[in-house]
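Take a look at the structures below.
Here chain A shows up in two complexes: once beside chain B, once beside chain C.
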Partner chain A sequence: MSDLVLSQPAPLAIPRGNSKTGLRIVQTVCIFMIALVMISPLFMLLIASLKDDRFRILADMGSFRAFWVSDPTLSNYREIANFSGELAYGRYLFNSLVILVVTVVSGLIINSMAGFVLAWGSLRGKAILLALVVALYVIPQESIIMPLVVMMSRAGLTDTFAVQILPWVASPLYVFLFYQFFAQLPKELYEAAEMDGASAFRIYRSIFIPLSLPALATVSILMGIESWNQYLWPTLVTQTDYARPIAVAIATFFGQDSIYWDRAMAASVLMMIPVLILYLAFQRWFVSSFVGSAVKG
Partner chain B sequence: MSAYLGNRLLIALFAPSAFFWCAGYVEAKSVIHVMHQGDPGWVKAYGDVAKRFEEANPDIDVEMIYAPHDAYNEKFSAAVMAKQLPDVMELDAPFLANYVWSGYLQPIKPLVDQDVLDDMTGSNIAQGTYPIDKDLYAIGLTDSSVVLYGNKKYLEAISARIPKSVDDAWTREEFEGYLEKLSKLEGVKWPIDTFRGYGIKTEWITYAYGPLLESAGCDLIDRKAWKATGTLDGDACVKALTMMQTWVKNGWVVPTSSGTNQFYAEGQPAALAMGGHWFYAEAAAAMKENIVVMPLPKIGEKGVSPNGTWIWGISATSENPEAAGKFLSFLLKDKEYRDYAKTQSAYPGLKSFAAESPLYSEGGPLAVAFEQASKTAVARPPHPAYPTITSAFMQAVDKIFNGGDAQEALTAAAKKIDQDIEDNAGYPPFDEQQ
Partner chain C sequence: MTLQQTSMPALPRPARRRDRQRFWQEVAMIAPAVLLLAIFLITPFLLSFWTAMTNQPLVPRPTPVRFVGLLNFQRVFTDPLFWTSLWNVTRFTAWVLPVQCGLAFLTALLLHQKLPMQNLLRGMFFLPAITSMVVVCVIWGTLFQYPSGPLNQIVGFLSGGTIQPIDWLGDPSWAMFSIVLLSAWQAYGFQMIIYLAGLQGIPEELYDAARIDGASALRRFWHVTMPGLRPTHVFVLVITTIQAFKLYTQVAILTQGGPKESTETVVHYMVRAGFEEQKLGYASAVSVILFVIVLLIALLQRKLLRRFDV
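This part shows the complex of A and B:
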C-alpha cells in the first residue's frame, strides 16, 4: 500500500514537467511572434533607409523585398545629416534636441515641485487644487490649441524655441504623477528632516528628489517622447528653419504629388535614436516605477 | 586744432542724422511673407526664387513660411485666428471660393503682370476665378489632371483598343468589358487601381471620382440652385456609384489596404490605374515601355476630367499687395523654377510653360492628359460650402465602397451639404445666383 502511495506522484510528475515545457515553448513562440510584429516595421524602416531609389522602395512595399537591400547606401543619411544640405535636417535635429532637453529638465523641476507642494505643503484648498489638476488632464490638447496659438502670437513668441517649450513644461499628468509618488513616501522622513531644521525646499531637494528616481525616470521618458513627437503644435507656431523640429521637417518629404520614402525613412531612423537612448538610459527606473505603481495600485 | 574740433563737430552733427537716415532706409524696405507647402525639392525651388527676387528687388525682403502639405489647412486656420495671414499664399484651387467668400483673398489682376495673365490656360483661369464677380483671385504655373494608365502587355493580351485621343476614349461598355476580361487574365490580380489607398483624408475621391459621376450625368451639387438634394442623391448619381460599387464587389479594384503601388509593384498585379499626372514619373520609372496613357473613359454621353491644383493668391490683409504681385509675376516667369517644375512632370497651367514641356506636347507621353484640360476638364464646385461638399461626398463614397447602400449614403451626404448651406444663410450672394 505504502509502495503504491509512494509511487503515485511519479506518473503525475512526468505530465507536469511536459506541460511546463510545453507552456514555455508556447510562451517563447508567443513572445517571438509579438517581438516580430513589433520589430518588423522598424527593420523595414531601417532597410528602406539604406535604399536610394524612392520608387524602388514603393515598389518593394508589400513584398519580402521590403526586408532586403542588395546594395546598401548611406547616401540618405549623408544628405539628412548635412547642416548645409538641400534642407537643414541637421539643424532640425539639433532644434529638436534643444527643445527636448530644456522641456524635460524644466518640466522635471516644475512638475516635481508642484507635486511636492500638493503632497506635503500646508496649502489651503489643496484638495480642490488637486481635483483641478486632475480635471485639467482630461482636456485634450487639440481643444485648446487654437486659443493657445493666438495667445503665443500676441505674446510675440511665434517662431521661437520658447513657444515650443513654455506651454508644455507644466503638465497636470506629471504633477499628479509626482504628487502620487511623494504622497506615498513615509511621513517620518519629512518630519525628521523638519525637526532637524531643514526647510521645505531642502527636504524636497535633499531627501525627496534622491528617493524619486523611478518617478523622475518615468516623467523624463514620457515627457521626452511627448516633446520629441510634437507635430501639430510646432507646425502651427514655427515659420522658418530657425526653431523647426525634426518631426515637422520629416513631413516635408510627404509632398502634394510625391513621397520621398528614401529620405523620410532615414530621417525617421535618425529621429528614433535620441528617444531610444533616453529610454535605454532610464529603462531600469522606468520599469521599476511601472512595476511599483502596479503593485501599489 | 580748430579744424580738428570743426571736424569733430561735423561728425557729431551728421553721424546721428546719417544713422537715422540709414534706419529710415532700412525701415523703408518692404517685407512680404509667402506661405507654401511642398516636398524638399519644391521648398528649395521656392527658396531659391525668393533669393533671386530679393537680388533683383533690393527694396523687398521675402520671408518664406513652410507648412506641411497634410497640415496646411490647420496652419492656415491658425494664421487666420492669429490675424497673421501671409501676403502671398498657396491654396488648393477648390477651396478658393470659400477663401474669397470669407474675405481672405483679393483680386490679383491689378497686381500681376499682364503678360503672365495672358499666358494662362482656360483651365488655369477657371481654377482661379470666383464665380460671383468673375474676377481672378489666384494663379499658378501648373494645373493637374487624371488619366487612365494601362499595362501594355495585359491590354495587348485581351486585344483592347488603345485610345489615341480624348475623342476616342473608351465608352462605359468597353471599359467594363475590359475590366471583366482583365479579371480573368493570368497575372492580373486586380483589373484596376483607383487609388483607394490615398484614403479619405486627401482630396482624391472628390477630385478623381467626381468626374466619373459627372460623365455619367450627375454632379456633387446643382451648380445653379446650389442645392445637393435632388442632384447628388438623384438617380444618375446613385446609378453611377452603384456601378463603381459593383467594380469593388467584383474584386476588380485594388483595396485600400494594398497601398498605391500595385500598378508597378513586383509582378504588376494591377492592369490599369486611374492616376494623377504625377503618377507617370513613378510608374514609368518601374515599367519603362510597358505603360500606356489613355484618357478617362466616357461613362455617359461626354467625357469629364478633373483639374485644379495648388495655386497662388494674395491675401486681402496684405500690407504690400504690389510687392506681393511683383513676387508672383517673378515666380511664374522664373526660368530655374520652371526647369525644376519640368523635372517633376508638372502639368502646365501657362501656355508658354506647355510649349516648354515635351512630356505634354503633341506626341509626348502625357499629351492626352493635356488635351483633357481643353476638352473635358470640369472644376470642382466653386462654392464656399466646398469643404463640406467634399467631406460629405468622400464619406458617402467610402461607405458605398465598403458595401453600404448608395441611395442611403448619398441622401445623407446631400442633406449634410444642404444643411451647411442653410446654416450659412445660403452663403449670400450665392443664394441669389440662379
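This part shows the complex of A and C:
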C-alpha cells in the first residue's frame, strides 16, 4: 500500500522543471530537519536516561549536551528493573504488557466477529444493532467511569487484571471499523462460500479474516495504544503493586519525588518500547486502511 | 436477501436446518460483544443518570441513599468552580484546535509526496502520538523547568535575554498555554494520519484537469485540495474538540488544576468530586453534563457534514 502512496504525485509538488532533482533533495532534507525537531524531546529523553547524575541531567538540559552523552550508563535502568520492592518497574511493565496483549487479542476476536455478523449475518435485528453501535460510540469513557468504579468494586474486582481488561475489550468504534471493512468486501466471496456449504463461522474464519489484515493492523495499533496509555481508569481501580500498570507507576513516582528525573526517564523509555514495536510491526497497513474507515465514520 | 429466505416456508428441510444452525452461530459470534457492551458500557451509562439524581456517596454509608431529583445539577450549575473548569476547557479547545490541527495539516501536506524513506519519515512524525501522555508529562515537565529549563533557555537565547524566564506551569496566565503546547505535540500525529488518508482520497484526475487548465500550484491547492478535504476537516476538528473537552491526564499529573484553578478541567473537577470528596451522585451529574456536551459536538458534526453534502 505504501507503494501506492509513493506512486501518487503530490498536489503541492514543485512545478516540473530542470531543477527538479535539486529541489527535491533540498525539500527532503528540510522535511527531515523538521521531523528531527519534532522528535527532539524524545531523543532528549533517551539521552537523559543514559546519564547517571540526576543533577547533571538538569544542568545539561539547556545546552547541546542534552543531545549528547559521553559516558552512557545503564545504571538508571538497573535501579528500576526490579520485580518487587519500591522501584518494581519490571513488574509494572509486565503488568501493562499482560493487559495490552489480552485486551488486543480478545478485542480483535470479539469485535471482528460482531462486525462480521453485522455486515453479512442474517439476524433480524441487525439494522437496529448497528444503529445502536453507532450511537454508543458517542459515549465517552469519562462519563461512565463513576458508576463503573462502584460496579467493579462491588463485584470485588478492584486491584485485578480483569478490571483493567474487561471493560475495554468490546468497543463500538472497533465493531464499527470491522463492520465497515467487511461490508466493502465483494458479496461473491460470501455467497460462493455459502454455496459450498460453509458455516458462518467458517466463512468468517477462513475467508474474511485472512483478507482483513489492514483492519486487524489498524485496530491492533489503536487498541494497543489506547490500552497502553490508559491512565485515569487504572488510577481509580488499582491500589497496590499487584496489577498496577507502568503509566500509573511513572506518574505517582514523578509526582511524589520530582528530583528523581533519571529514574523516571529510564522508566519512560522502557514504556515507549512495546508500543514502538507494535507500531513498527503494523505500520505498513496503518495509513491505507484509515482511508476507508476514519473519515466517513 | 437472507431475511426473506428464513421466512419462506417453501424451503426444503435441510436448508431450514442450516438456517437455524446459522442463526445460532451468528448469535454466538455477536453475543460476546453485545454482552460486554451491555455490562460495561450501557449499564454504567444508564446508572450514571440514576446516580446523578441521588445523594449516593462513594463508600456505602448506613444512611439510605435518597432520591434528590435535580438537586445535584442545580448545585453543579451554581458552583463557580464548575464554570471555571468549563471556561478553561473552552479556552484550551480554542488554542489547541488551530495549533494541533494546523500542525497535523502541514505535516500531512509535507509527507504527501514522493519522498525517499517515506515510511521512516511518517513514523518519525507519528512517534509523539504513540508516546503515552504520562511519558509526555515527564519530558515536558523537564522542558518547562523554571527558571533555567530548556524552554526558558531557548526563549532567553532567541530574545537575547530580553524576555525573563517564564514559569510555564506555575504562572496562572501561562499554565494552560503550556498544557496546550504539550497536548498538541502529543496528539497531532493521529490527525496527520487522517489528513494523509484524506489527501490520498482526492482523485488525481482533478489535479491533472486543473494543470491542463493552467492552474498554478497555489490555485490547485485552493480549488482542488481544500474542497476535497472538506469532510476531513470537519472530522478532524470534531474529534479534536471532543478530545479537548475531555482534557484530564496532563492536568492531573502536571498541575492538579492549579495554579489558582487556571487549569481545572471538567473531567478533573468530576474526578475530584467523586473520589476526593466522595460525592458520587454529584460527580455523576457532572459526567452526565460532559456526555451532553460531547453529544452536542457530535450532532454538530453530523449537521456540518450534511451541509457540505458528503
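Definition applied: the second predicted complex is superposed on the first by the 254 of 297 C-alpha atoms of A that agree within 3 Å, B and C clash if a C-alpha of one lies under 4 Å from a C-alpha of the other, contacts with A are read in each partner's own complex, and residues count from 1 in each chain.
Criterion: a contact is a pair of C-beta atoms (placed from the backbone, for glycine too) under 8 Å apart; a residue touches a chain by one contact, two chains touch by 3 or more.
Owing to the predicted nature of the structure, the values given are computational and were not obtained by experimental measurement.
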Combined model on chain A: chain C and chain B, fit or clash: clash
After the superposition on A, what does A:28 contact: first (chain B), second (chain C), both or neither? second
Going by the contact rule set out at the top, does A:240 touch chain B (first), chain C (second), both, or neither? first
Contact-wise, after the overlay, does A:280 reach chain B, chain C, both or neither (first, second, both, neither)? second
If we overlay the two complexes on their shared chain A, which of chain B and chain C does A:65 touch? Say first, second, both or neither. first
Between chain B and chain C, whom does A:55 touch in the aligned arrangement: first, second, both, or neither? first
Check the contacts made with chain A and report whether chain B or chain C touches more of its residues. C
Now for A:169: first (chain B), second (chain C), both, or neither, which partner does it touch? second
Kindly point out the stretch of chain C, out of 171-179, 207-215, 225-233 or 297-305, that overlaps with chain B after superposition on chain A. 171-179
Where on chain A do chain B and chain C both make contact? 58, 61-63, 146, 149-150, 231-232, 236, 248, 251, 254-255, 258
Which part of chain A faces chain C closely enough to touch in the complex? 2, 5-6, 8-15, 28, 31-32, 34-36, 38-39, 41-42, 44-45, 48, 57-58, 61-63, 66, 110-111, 113-114, 116-118, 121-124, 129, 136, 138-140, 142-151, 166-170, 172, 175, 197, 199-201, 204, 225, 228-229, 231-232, 236, 247-248, 250-251, 254-255, 258, 261, 264-265, 268, 271-272, 275-276, 278-280, 283-284, 286-287, 290-291, 294-297
Can you check the complex and tell me which residues of chain B touch chain A? 33, 37-44, 63-71, 74-75, 77-78, 81-82, 84, 258-262, 264-266, 276, 278, 281-282, 285-286, 309-310, 344
Residue positions on chain A within touch of chain B in the complex are 55-56, 58-63, 65, 86-87, 146, 149-150, 153-154, 158, 231-232, 235-237, 239-240, 244, 248, 251-260, 263
Counting only contacts in the complex, chain C reaches chain A at residues 2-3, 5-6, 18-19, 21-23, 25-30, 32-34, 36-37, 40-45, 47-48, 51, 58, 107, 109-116, 118-119, 121-135, 137-143, 145, 148-150, 152-153, 185, 193-194, 196-202, 204, 207, 217, 220-221, 224-225, 231-232, 235, 242, 246, 248-249, 252-253, 267, 270-271, 274-275, 280, 283-284, 287-288, 290-291, 294-295, 298
